[in-house]
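A, B, C, D and E label the chains in the order they appear, each numbered from 1.
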Amino acid sequence: MSELSVKNLHVFRGERHLLRGLGFEVPAGCCLQVVGANGTGKTTLLRVLAGLLEPESLELTFRGQRIPPRDPDYHANLSYLGHDPALKSDFTSAENVSFNVGLRRRVASEDVQSALIRVGAAKFSDRPVRALSAGQRRRVALASLWLTGASLWLLDEPATNLDVAGQGLVASLIQEHLADGGLVMAATHQDLGLPPNQCATLEIGARGVSA
Amino acid sequence: MTAIRTSTIAAAWLVLERDLRLAVRRPAQLIQPLVFFAVVTLLFPLGYTPELGKLRAIAPGVLWVAALLASMLALESLFREDAADGTLEQFVVSGQPLVGLMAAKTLAHWLLTGLPLTLMAPLLGIALGVPVVAMPGILVALMLGTITLSLIGAVGAGLTLGVRRGGVLLSLLTLPLAVPVLIFGARATELAILGESQIGPLYLLSALAVLGITLAPLAAAAAVRIGLE
Amino acid sequence: MNWTWFHRLGSPPHIYRIAGTLTPWFAWPAGLLIAAALYGGLVLAPPDYQQGEGFRILYVHAPSAWLAVMIYGVMASAAAVGLIWRMKVAHAVAASCAGVGAWFTAVSLLTGMLWGKPMWGTYWVWDPRLTAQLILLFLYLGYMGLRAGIDDLGRADKASAVLAIVGVVNIPIIRYSVEWWNSIHQAPSVMKMDRPSMPFDMLAPLLMMLLGFTLYFAAVMLVRLRAEILRRERTASWIREVLR
Amino acid sequence: MTAIRTSTIAAAWLVLERDLRLAVRRPAQLIQPLVFFAVVTLLFPLGYTPELGKLRAIAPGVLWVAALLASMLALESLFREDAADGTLEQFVVSGQPLVGLMAAKTLAHWLLTGLPLTLMAPLLGIALGVPVVAMPGILVALMLGTITLSLIGAVGAGLTLGVRRGGVLLSLLTLPLAVPVLIFGARATELAILGESQIGPLYLLSALAVLGITLAPLAAAAAVRIGLE
Amino acid sequence: MSELSVKNLHVFRGERHLLRGLGFEVPAGCCLQVVGANGTGKTTLLRVLAGLLEPESLELTFRGQRIPPRDPDYHANLSYLGHDPALKSDFTSAENVSFNVGLRRRVASEDVQSALIRVGAAKFSDRPVRALSAGQRRRVALASLWLTGASLWLLDEPATNLDVAGQGLVASLIQEHLADGGLVMAATHQDLGLPPNQCATLEIGARGVSA
């Protein structure tokens, strides 16, 4: 049975009808990799599902339930990682992660530490984020994502700024999450190295773009 | 992983605590509104006259202009930073009611600017020749007024996020919205200096504050949601 | 021309040592001078024929007011040296001056206000010198605020140096304009301070106090400088030797 | 590709033209300082007294303080956006003298805030009981004064580039430096209202403007360079 | 002969001695790919060479000339593409490119158009940048880079946000530039597809990092 199903998704950006009646289904334990050329609407799609953008129309079903717009229970179950990683530059990585996760669920500081170790951010976890490089920040953002415990991950180019080891880290985080029965939608051109039965590809924009 | 969801109250508290902690990280920033208030106050004698007798007459206006300006300067940055680094996005995605989070941010702003300004006012009042007996009345008026200014400011700041989307007109509305606060506040201050009863304007200031507390977080949340799209 | 002295002057360990050696040479005379001046001013000098005993606050008030301006000059010069010759120690000197200068400014303001209450019946009057002194305090606070606002030390040094220099260009202009402002309004200028014919037994303690305060500033500045250098160089190897 | 290097003048002109064009695309930014100017100025008749005779006495101070604060309020946006989107970086990398580009940005700021404020002043002056004959004198004074304010502000804005939430700090740095402008400007305005000769203060205002034009762009360029590191 | 030579480069960030005596040479027509794990100092290196960061010490030689700090002629010869693409969101792509290039050299609007065509940005060149996707913005930034005509390109993760075609575009722009006798330093983990004689690799951070 599909955990997440999207039907009849229409989105306008400016005056352009960007996504026209898009529909797809994602079963539990599966990653839907969203691909398409620049500007076809990958980010738009993820932001709509994250509730950041209001679509013209959308029939969204999650775990068999019709999801109305701005449903808090649905939101509690999803985690969105966009281009801006929501890090306060005066705080350390640990402080940032505790805040970002704490907004959703109670979290102990040991959990935060172990998450930072998991993403390879332990070395610099006591430095303020302003003194971190682009890739180091990205890792801290991944730690928050991992720790929220949400079952649906919406990832927009998660591997940006990461080195080769970091790209492997993203792949393994996703694999682990899928193994736990989670759901991932990732807009990325990177090969996630998933077995074919765990990974579907959604190509958007072939038809959907008018410009 | 056991996941105990954070309650709305706890989330709002977290936001409040975070904003205060961010401010404490830079203690110099805590003092800045106070010095700023003093600097603005200084400008009026320099522009007008050094005579305390004459200054007393414009003291209410001076104090309230300074409060308005401090509120405006500090508020814009409060939201802009959160918008730029993606924090507001995460607020929306978190599933926590945005209204509560916005209320917390507004409260943090008031604690960091409105309250210190209020507490500082007596000192500046003296420099403007305000008699000491008027101070309690001025304190009460500023306390009520700055709360409303923070609330109006939060809506304005939310709206400026989405300025591009045609919020142009709305963002210009917030300043005029502050005008009633300024008028009643200045009037209350004037009455306090004259030693007369302030009941009327204080009553109106409280009414504005109550109105603000009920409506502003809702409006701010709506504004932020629109601004992020 | 031989510039090695100049570069040695710029080396933190060298300055650290010199500062350590010099401190007592400033501190002791400062203490003695201030004690003597206090005795001369509070005990020996006759009460003022107009102001009675209250005028004795002058012995703290006037020297701190003078010092406040002087220290700003020192600070800006050090900042300029730091900026032009990229000398980190000079920046450290400027940074150590700011706090002391702000304190002297505050002391002159506070003693002035305390004095004002008996003299004018109010704590504050918009007199030109008072106003200029207040603006000076704001300049100091702005400088310190800017330093505190920038997290990277090198950037904080350079940015605050630019501010200090801009400020020093402005101070004379500010003083002049404030005088001018006041003369126009002809406020009831109560502060009659221009009395060239101050009797010697009133003047001598004043001058001693001025010298004492100056030496005191030098001593405090050096102590703060040492702390500042330690903070900046905490990863350098020579620090470990020094602290051993 | 033939590469004719852009001259400094042409580059500065490009920057100026771009800032003006950007402002026209986003009229809200243009109007905000004006609204602020009006609100602050009109607060005094509302809060203080409706008697034109008394208002006339405070008009110079009020106009100047309001102009000063409005100009400062608009300052923050002068550099912040360019710093955030990488434009200032490109200025530094371009090999064009930063001083010229900063001068152009300052001029743009003046054209977008100082000049409109000046042009708006007569209207507000009338509300404060200023006689019409005084207007030309007031216009000239404000024109000269706001130029210097923009120049001082550019230095402050450059210095606070690396400071998060620098809005309040910016005003703390610039307001004390602007004191002479305020004093001479208010005096010139007062003399204009009294119908006397303004030569003295106007002369001093011009001197300040010349000093500012010579030194401020240098300081601003140095500040920006430091701020980007 | 080497066009660009760097010797004795020392950089501190915060209190950490990040680059310790780094030195390298790049001949004309050659691309130096800067690699290294996240946080090793790739961005720092490029910013130093672009004159945005003041190093503790640096001996820089370009075309046989010792370059003093802030040399306008050196700057006129280099182009830096960092994380922030210096685009004004209220301007169209064409406006942005003409401004960014115009700051350095005179440029005709046909050149701007052809540059936008070259990077595949022609379709959306009349839309304000705020209505562009991340990858579309990146392409506009590449158009400015290409058009400046500078001979030394300093590129920090140039392929971020780009789709597969976009990554190919970056590689081909670089190749073309090298063929014209240009010089490129690029911090990227992407394979640029250059022949081995045109591409050197500089691995930093193996030794240089203390944290």
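One rule holds for everything that comes next: a residue touches a chain if its C-beta (ideal position, glycine included) is under 8 Å from a C-beta of that chain, and two chains touch if they have at least 3 such contacts.
Predicted model only: the values in this text are computed from it and were never measured.
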Per Cα centroids, the chain farthest from chain E: C
Which of C-E and C-D has more C-beta pairs touching across its chains: C-D
Maximum centroid distance from chain A, chain identifier (CA atoms): C
Centroid spacing, where centroids are CA-atom means, of chain A and chain E in whole angstrom: 29
Separation of chain B from chain E, taking each centre as the mean of its C-alpha atoms, in whole Å: 44
Where chain D and chain E are represented by their mean Cα positions, the distance between them in whole Å: 36
Inter-chain centre distance, chain A versus chain C - centres from mean C-alpha coordinates, in Å: 57
Overlap residues in chain B, where contacts from two or more other chains coincide: 26, 28-29, 32, 35, 39, 42, 46, 49, 84, 164
Where chain A touches two or more other chains, by residue: 83, 89-90, 131
Set of chain C residues in contact with two or more other chains: 135, 138, 141, 145, 149, 151-152, 154, 178, 181
Residue ranges of chain E touching chain A (in the complex, touch as defined): 13-14, 36-39, 43, 83, 123-124, 127, 131-136, 138-139, 157, 160-167, 189, 211
Parts of chain D lying in touch with chain C, wherever the complex brings them together: 155, 159-160, 162-164, 166, 169, 172-173, 175-177, 179-180, 183-184, 187, 204, 208, 211, 215, 219, 222-223, 226-227, 229
Touch list for chain B against partner chain A, complex: 1, 3-6, 10-11, 14-15, 18, 21-22, 25-26, 84-87, 89-97, 228-229
Chain B to chain D touching residues, read off their complex: 28-29, 32-33, 35-36, 39-40, 42-44, 46-49, 54, 57-58, 60-61, 64-65, 68-70, 72-74, 76-78, 81, 84, 163-164, 168, 171-172, 175-176, 178-179, 182-183, 186-187, 190
Sites on chain E touched by chain D in the complex: 50-54, 72-76, 78-80, 82-91, 95, 99-100, 102-106, 111, 147, 149
